[in-house]
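Both complexes below contain chain A, partnered by chain B and then by chain C.
Now for the complex of A and B:
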């Protein structure tokens, strides 16, 4: 995504308990405190803390943001099927769709960047870090925030003593994102790959 | 241990910024009864107050939370509580006691959809009239409406300053959206933050009158334990603080309570104006709805409509004079708020027959979309 573009909007969505709001907070914090931009984070969630639908909306801009709500995001990161089904139609044409590969089955032919974030987190022994893997993946694929800023925000947002593990989770997602981008380039060069999935 | 003023750039939500503002203003007591969406204020105060030698008490309900901050204030401390609609209702009786006993304190209402339990996790601005008239009797109140986490910090300090200066409770009328929204908040250096503390009495401890106004209409306030003889009551009282059930004493007390606000409007009323100088149509808004309104003004201007914004930072006391003056030269007003007509009625009252006044309202649970403001604008003017 071009650096010149003034305003970028991302929706991160999934179930309560997956760390959706924290993922949004990390992205917003990275932009506001390290990338020298303005950002807003608003969230919607149900009265229950776990299991309900949950959505974080982050607007990042070079100028003051007045209206913090998003109707057509540039980037949509989905960590549950129901969240995907609720929001995928709102994604801007040419926008980035990112999903947890094992949790979301896409319903249309749009290019989708999928990562098995939850499975990777389980393999890491930290299921709750799937959101951090997703933040790393998003950072690599979209360039929404810089890697340095995102890592700063990750380590300042997670509980003390877990910074190393979370950095590892972030890097797993980031590297997976870079390899996806490479695969996409190859495909653009004529080589074959799975249909519509980067 | 963090210092009282946590200088630096932060990415925090409005509730936490409010708590940081309170600590920076010198608040040393919080009577808490957490409620969504104000919980983070209490949570953060409970974490931060011990760092600065303050006290957090988890009270048994909102009535006790409100009462505790009055008691705390009479020991000489700056005190605060935070709640949402249901708790605000329960606090109303004691708000009256704070007014009549001229007790400085700050009450934060992070508004959510109502009536009753309503929409706990979604915003509204529907307690605005309750802030003005929720307690019984006749009174003036000060209420501020922050529109961003930065203002949650800044205006909490202002709220304490006004409360200390005028010996009165001050409301921070926030909402779920501003309370839970995260943005960059810049906390300045300690030296750059202006704080005001109540004027304390000096001299003889005998024959002291704790309700005798000083030059600005406000009486110096002693703390319990300093040796001044103090009687504090909700009954109509004279300057000594003793109950006197007479028409004359009532009139004198009311003059004092109303006068200290009404005679200092220029000091208390704060507004922000955006493209108002050449505006034909004035959008009046406050709190989170003013963010919609800035966007609506920009959209209108792009379409060649001369719209401007009057943002109320102080909602109570209401800026009657300003609206009356504007009414003489503009085509009309649109008030943007998340209720079905509260502050819009005040605008209508002040505009009188000089200019029409419309509402761009919302029943609660979301912000007013800027498109709604534009469509009302086009239909009305």
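Now for the complex of A and C:
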């Protein structure tokens, strides 16, 4: 997908402390360091990054980026309700909306890719890895960066010694994303359960 | 010329008169026919009918009295049912139902009997020889295919029994018994009041009392459920000890088979290399399979159980296989299935017939290894344990991975984006002894149940490592205590106030379902038994 469109704009948003900025950084790094593209990151400073609605704006492009701020994103990843409510109207038509299933209640019926990232991270034993799960999920669903690039960016951004755990978290999110796409395809084909045979 | 063998079971009353009249007329009975005079066709059970095929018969005819003319009232009616069931079973087995026939004659029906006999002989000759190789004429496989202890067991002559028993005790280190009695006090069978004690049994064996009636009965009574092994502080693997002891007793032609030994005959027959079964003939067309797939689905003997017990409630195990296949399809796996799938040999081994277990295991190993598959998925706890563990223990190596369906489902559901809708009823779960004995899979059923039960899951009083057995294993030793155990288990299930008892094993459903047919207290025991696989197949959804 990244080849089709010259420029992609992504907003990752949620509470400060969820690792929103790091998630944005990883996606940008993956594009710039491994996928041979340009990328920029604008991140919230001040009170937001310490608990309020925090936001990372990432632009990925095949050519030089002239302006790093985003008003209408192609991809919006929300990890809190307040962040969702602040940004969801700005998403481009046909853009991807990704949410944390347990933390965000959608306000309209637009197609929403939801993953219980925080719950999955808790089950994994590290709640703080919800952001990495979200990165994996975003990678699988949007095809924004390649899996290899994203994994490289994950392992080189996280603290030493946690690479293995973070790779696992990334793969959890990635597999969930693939499974989600498969499910959508199946539903579109009229198959919802194992027994509704045409 | 081929030497055909046809067994004619001839009722003493109506047809025998006709048969005698034929002989008196000077009619030469075809040489292929071996006549066996019986008191009534109703007494020829499915096991006896099939036994003839197991022993090498090419055709079996049952000649009885016309309905209404039966000396004992219901004999012909029973014969009709037994014949029908057995005919369907030998059809699936690939012999062809035409090899078994029931006909009725009055004493005057001389010509019809003559015609019947000559027609039957001609038909059997047209069908050719039976593909079943009788167990007695089967050549032994080369000795190197056995493990050391297996070879010893097979080579043993009755005279050296005491020595072999000593070796078995040594092998399982039963000398380490501390006489603490934890085994007996946790044994579900002993707790039902049966005169059975693992502790006493081990003590008596060490004392060299293998020939006492009590010891022998105890060896056959054990359910091999493994609760004692779980508890034993010296880690004596009592189930495997029993398995070896049974091979010794079996060599001396002692066994306690249920259902007339039908299932053991069936499984031994499956050790015939020339057999071409039709296991999947009733597969719904909506299920997708692929003969080139690297993933094999192994169904197990459910289709045979269904046919054998088809006049009993609740036994529809083949549906579970279909549900398992639907689930595989749901997750985009199009598996290979084998029409000529053989029994894994579990029941033969656990009932002491080690020789035929090895025969069937060798056949399976050669065949399955030649398919070029990477993974076998099965929903049968016994197939899983036998292929994944027992084959290796007996020196038979498979070149693919063996997976239980629950492992597959767990991995797939873990990926997410799939939900199992809450069926909105309450559940309890009957453990499978074979899954409980394997550490990799013992927690999986509950993990799967918790994915959809949403708090509607209630454990029975005995669960997990203390779970109660369904009452029988390996089709041996069914008695009043088996029933008592089943009643106890079902009562525990009813006490949870659950709507449904989930199971993982078809035999649990057969045995617990049998107890529910009790004419006096059946209503107090009735409970819906549903396989976990079917519940998941019914309620799994893409999000």
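Basically, the second predicted complex is superposed on the first by the 185 of 198 C-alpha atoms of A that agree within 3 Å, B and C clash if a C-alpha of one lies under 4 Å from a C-alpha of the other, contacts with A are read in each partner's own complex, and residues count from 1 in each chain.
By definition in this document, a contact is a pair of C-beta atoms (placed from the backbone, for glycine too) under 8 Å apart; a residue touches a chain by one contact, two chains touch by 3 or more.
This structure is a prediction, so every number in the text was calculated from the model and none was measured.
Colleague: Tell me which partner A:8 touches in the superposition: chain B (first), chain C (second), both or neither.
Modeller: neither
Colleague: Just to be sure I read the superposition right, which of the two partners does A:186 touch: chain B = first, chain C = second, or both, or neither?
Modeller: second
Colleague: In the superposed arrangement, which partner chain does A:38 touch: chain B (first), chain C (second), both, or neither?
Modeller: first
Colleague: Using the superposition on chain A described above, determine whether A:67 touches chain B (first), chain C (second), both, or neither.
Modeller: First partner only.
Colleague: Just chain B (first), just chain C (second), both, or neither: which does A:142 touch?
Modeller: A:142 sits against neither chain B nor chain C.
Colleague: Looking at the overlay, what does A:175 touch: chain B (first), chain C (second), both, or neither?
Modeller: second
Colleague: Please indicate which partner A:118 is in contact with in the superposed arrangement: first for chain B, second for chain C, both, or neither.
Modeller: Neither partner.
Colleague: If you stack the two complexes on chain A, which partner ends up touching A:25: first (chain B), second (chain C), both, or neither?
Modeller: The answer is first: A:25 touches chain B but not chain C.
Colleague: Per the contact definition, I'd like the list of chain B residues that touch chain A in the complex.
Modeller: 9-11, 13, 36, 120-122, 177, 180-184, 291-292, 294-295, 366-367, 370
Colleague: Where on chain A does chain C make contact in their complex?
Modeller: So the residues of chain A in touch with chain C come to 115-116, 120, 172, 175-176, 178-180, 182-184, 186-187, 191-195, 197-198.
Colleague: Contact residues on chain A for chain B in the complex?
Modeller: Its residues touching chain B are 25, 28-29, 32-33, 38-47, 66-69, 153.
Colleague: Can you tell me which positions in chain C touch chain A when the two form their complex?
Modeller: 284, 286, 323, 326-327, 329-330, 332, 414-418, 536-543
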